[in-house]
Amino acid sequence: MTLPIDAIQDGIIADFGIFDQWMEKYEYIIDLGKNMQPLDERYKREENLVPGCQSRVWLHAELVDRKVIFTADSDAIITKGIIALLLQTVSGQPPEAIGEAELYFIDRIGLREHLSPNRSNGLVNMIRKIKSVASGFSAAG
Amino acid sequence: MIGTTEAGQKENLSGGKPFNVEEVRQDFPLLERQVNGQRLVYLDSGASSQKPRSVIDRVSHYYCREHANIHRGVHHLSQHATEAYEGVRETARRFLNAGHGHEILFTKGTTESINLVASSFGRKFLNPGDEVLVSMMEHHSNIVPWQMICQERQARLRVVPINRAGELDMDALESLLNERTRLVSVAHVSNALGTINPARDITALAHERQIPVLLDGAQAVPHMHVDVQDLDVDFYAFSAHKMFGPTGVGVLYGKEELLDAMPPYQGGGEMIERVTFDRTTFSTLPYKFEAGTPSIADGMGFGAAMAYYDQFDEQEVIAHEQDLLTYATDQLCELDGLKIIGTAAHKAGVISFVFEDVHPFDVGTILDQLGIAVRTGHHCAQPLMDFYGIPGTVRASFAMYNNRSDVDALVAGVRKAARLLR
Amino acid sequence: MIGTTEAGQKENLSGGKPFNVEEVRQDFPLLERQVNGQRLVYLDSGASSQKPRSVIDRVSHYYCREHANIHRGVHHLSQHATEAYEGVRETARRFLNAGHGHEILFTKGTTESINLVASSFGRKFLNPGDEVLVSMMEHHSNIVPWQMICQERQARLRVVPINRAGELDMDALESLLNERTRLVSVAHVSNALGTINPARDITALAHERQIPVLLDGAQAVPHMHVDVQDLDVDFYAFSAHKMFGPTGVGVLYGKEELLDAMPPYQGGGEMIERVTFDRTTFSTLPYKFEAGTPSIADGMGFGAAMAYYDQFDEQEVIAHEQDLLTYATDQLCELDGLKIIGTAAHKAGVISFVFEDVHPFDVGTILDQLGIAVRTGHHCAQPLMDFYGIPGTVRASFAMYNNRSDVDALVAGVRKAARLLR
Amino acid sequence: MTLPIDAIQDGIIADFGIFDQWMEKYEYIIDLGKNMQPLDERYKREENLVPGCQSRVWLHAELVDRKVIFTADSDAIITKGIIALLLQTVSGQPPEAIGEAELYFIDRIGLREHLSPNRSNGLVNMIRKIKSVASGFSAAG
């Protein structure tokens, strides 16, 4: 059974609470990135690319048992680590829950700068894409 | 941050701070100046307004503490500057009550905004024999871009006539609209006459025929509340420097579906998605139309200018300006040989006048000696001057920081000039 | 005043004030900042430089004491502002050693300068089958405008190749010049590689065939003495904000006879002689190309920026920057897995590098946490990145206010980033 | 016999020395304008117009006995008065002298603002035109 999105977010926030130095935080994110399951090469397609990222980011989604299973990859390791956190939160959730979720944890764990409208950073577009994929699934289902 | 930049209805922006002109004057450092040994009486805000300290300080603070190029940098300064700059876009969206933040394009000013539409809309939608409609009272910035694109596209520029009071002939406007008309582009408020044109009637008439409308709002935005959704206007252009903001920045509002259909205007560093020598794809709105490093600091100051303007109860500001206009008009009318040019029923911000047998330039020169800054000449509206058969006018233009003593000085100065010159 | 704006030879502008980097740093308020709790190490001047206090103060002072719209007002403030603004044009003329003041056009920046030439020169001189030559190392601002006009005019954009060091292939350039070539437009200094291109050789080759040359000087002007007459270049474009001046203003230098032959670019309030609905005639240079109210305040700050730059002995500034470049290059080269992109024999201002198996974005993020501002990504030069087969680089760019401790911090930071990321 | 240009300029400067108020100065200039001989209507031709003035200014020149005789008019009275001063200085002078003359008196009598590069003011163009007419005559003669 998957926890609700907000419970997962709160868990992540608690995890990050133990870091009092940015270095430790980034080391952790980098580790998450390194340990993330690689995305199957056949999903690294044009239409899975998230636009506007400085690094390339692919996001693939499937609906299994009314849950959205996300897999993703990036050629930048920090981006990949943050994506890992994102997928922890939303992958395996019902599309409606994803559509409604407010992803506050990113700000709260001190990664607010990654949400800047600065287009060099694709996290905002990543979240948009997650939401739009989810709403596509809920409309279809 | 992921800001919600959508809004269905106009939010109430007017801060409701009671308006007090003497307090307002304290906010504008330049008004403390002396000119030619006299207290400055600045009645040239139609050309460019003065700036409150909050705007000036915002620009300095930006350079001292926050400057970096925006949009592509991963470092802190760049991210912060980008957020602040995009925040100004959101402020402008609220200021105009636009539906989306990406319908707000930053330009150099009104002139560039109109050129952008003329060039981009024109190359896409104007074909030989098509027509663009402007009026007899337009500023050159709303004439020449259309002449240039009409010549290039073999289209025709047609002109809505006005009456002697300086009001649009709305019947003529309606009869000029036809199946070849591709765009109507008129001033919201005339810079030479002060006439407030009936914007909503114009968009209604044009939209009945599916014709988009551009309003040149350069002289409207400093004097009235503008709600682009309420006006249902397709394009709206204005300059920050006429509404207490910095020089070098302005806005083009455009409806999303029109902007999306238009090709980019300038090419360069901000407006692309992917460049190869074979094929280049363009960014989404608003970036598609914003090539190159923008006027970042001017943008910050512009944000402060909108905030400054919005802190007051708007009705009080309008009442104050209307009072000045009436007070000045009543007294000037009594001067022998003086004639007001522009006597429309609805006016804002501007009084233009001529003197029998006296050239406006001479009046302006004498007023300048008295510390009174007015504009003289054709006000970049030569066709309008030709219509009235005059070389130009003397124009006193007002902003919220003018008071009745400014008007008294003007009237006394004009009287003195008349005595000297006739 | 009737200024003499003609000049046969370059006047000596270098003020000869001894250059001392620690003193210079005191002039730049932003350099005192902390970022992420660390001393700011600003190595992103290639994107935009910081501003000395004299520039910031000039802008504020203008708004507090001098602001008025320029060029058509008879009153004191307007006259004074006009004189000051035209004075900046004269400063820019001397700065570039242009032959005439009216060969200096004020624009929004490099991007607009190049768009102006592409649009105006292009519509006049480009015909189907004609060719424009750019190089493989151009910034998008020197690619996209040409793609757009070439498409419109059915002309062809051709590309001068470069070698792996990032140097123009001059033999190829020569062989690409032919009787269909109408213009050569290349960077004076590359923003992504730092390469200084052999400008004089390029103009010589092109001029043998009567082909005009545009140099994109955005990255050159902050780092070296530019004499347009000596280079014998036909157009020269740059932005004030990269050379210690405000955002929102830049220059297009153009030779008089070319500018005279070109049609106006934007239409509007400043650039006309006489407007009627039947026929409009245009102003003389430079006004023909300056429609609308310009960025007056930015212009004033730009004047102060040129004065700031010119006070130093130029050779000392160049020597200082070259020292930083060598000092940084030598140390970075020693880092395991690091590869410098751009190893031309003549370089200025920029070091770009990549790391084996590490994305530039990751390096930039870690450096930012350390207070070090660099730029990462394609630097608006995607074709160049494609040439090297990389997604982007980490770019450290220098200005005269950087010192050896900035380089030390960079090297230490990169070392730390590599350790974290690999 | 006409005095040399600089002597005339110095005379004008001395004349203006007695005004200590701008009003008196402008009254005097306005009087000069009003009393200036009107330009024959047939000389108010397009090619005699001085470009770039906010008021219209016509300048007509003839070479008589190797001296340039200028006549002029304007529809603005202050402009006309200043032109009257200008013509006092240069009209009746040999073309070479006009070409070489530095017209410093305008600045010295406190009319510097009329020389501003502000294009609303045609005085600069007026002086240019005077000079170019004179140099035309000296080249021809």
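We call the chains A, B, C and D, going by the order they appear; numbering starts again at 1 in every chain.
What we mean here is this: contacts are C-beta pairs under 8 Å (C-beta built on N, C-alpha and C of every residue); 3 or more make two chains touch, one makes a residue touch a chain.
Bear in mind the structure is a predicted one, so any value in this text is a computation, not a measurement.
Enquirer: Identify the chains in contact with chain B as well as chain C, in label order.
Expert: A, D
Enquirer: Among the chains here, which has the CA centroid at the largest distance from chain B's centroid?
Expert: Greatest centre separation from chain B goes to chain A.
Enquirer: Taking the mean of the C-alpha atoms as each chain's centre, how many Å separate chain C from chain D?
Expert: 44
Enquirer: Taking each chain's centre as the mean of its CA atoms, how far is chain A from chain C in angstrom?
Expert: Chain A and chain C have C-alpha centres separated by 39 Å.
Enquirer: So what's the Cα centroid distance for chain A and chain D, whole Å?
Expert: The separation of the two C-alpha centroids amounts to 77 Å.
Enquirer: Where does chain C touch two or more other chains at once, residue-wise?
Expert: As it turns out, chain C has residues touching two or more other chains at 36, 72-74, 76, 78, 361, 365, 368, 376-377.
Enquirer: Specify, in ascending order, the residues of chain D that touch 2 or more different other chains.
Expert: Residues 54, 113, 120.
Enquirer: Touch graph across the chains, line, ring, star, complete or other?
Expert: It is other, because the touches fit no line, ring, star or complete pattern.
Enquirer: According to the definition of touch, which chains form touching pairs?
Expert: Inter-chain contacts occur between A-B, A-C, B-C, B-D, C-D.
Enquirer: Using the touch rule from the top, collect the residues of chain C that touch chain A in their complex.
Expert: For this pair, the touching residues of chain C are 36, 358-362, 365-366, 368-369, 376-377, 391-392, 420-421.
Enquirer: Would you tell me which residues of chain D are touching chain B in their complex?
Expert: 22-23, 26-27, 30, 54-56, 75-79, 113, 120
Enquirer: In the complex of these two chains, what residues of chain C are touching chain B?
Expert: 29-30, 33, 35-36, 40, 42, 44, 47-48, 50-51, 55-57, 59-60, 63-69, 72-78, 108-112, 114-115, 118, 139-141, 143-148, 157, 159, 239, 241, 246-249, 264, 266-269, 271-272, 274-277, 280, 291-298, 361, 364-365, 367-368, 372-377, 380, 382-383, 386
Enquirer: Would you mind writing out the residues of chain A in touch with chain B in their complex?
Expert: So the residues of chain A in touch with chain B come to 51, 54, 107, 112-113, 115-121, 124, 127.
Enquirer: Where on chain B is chain A touching in the complex?
Expert: 1-3, 70-74, 76, 78-80, 82-83, 86, 273, 287
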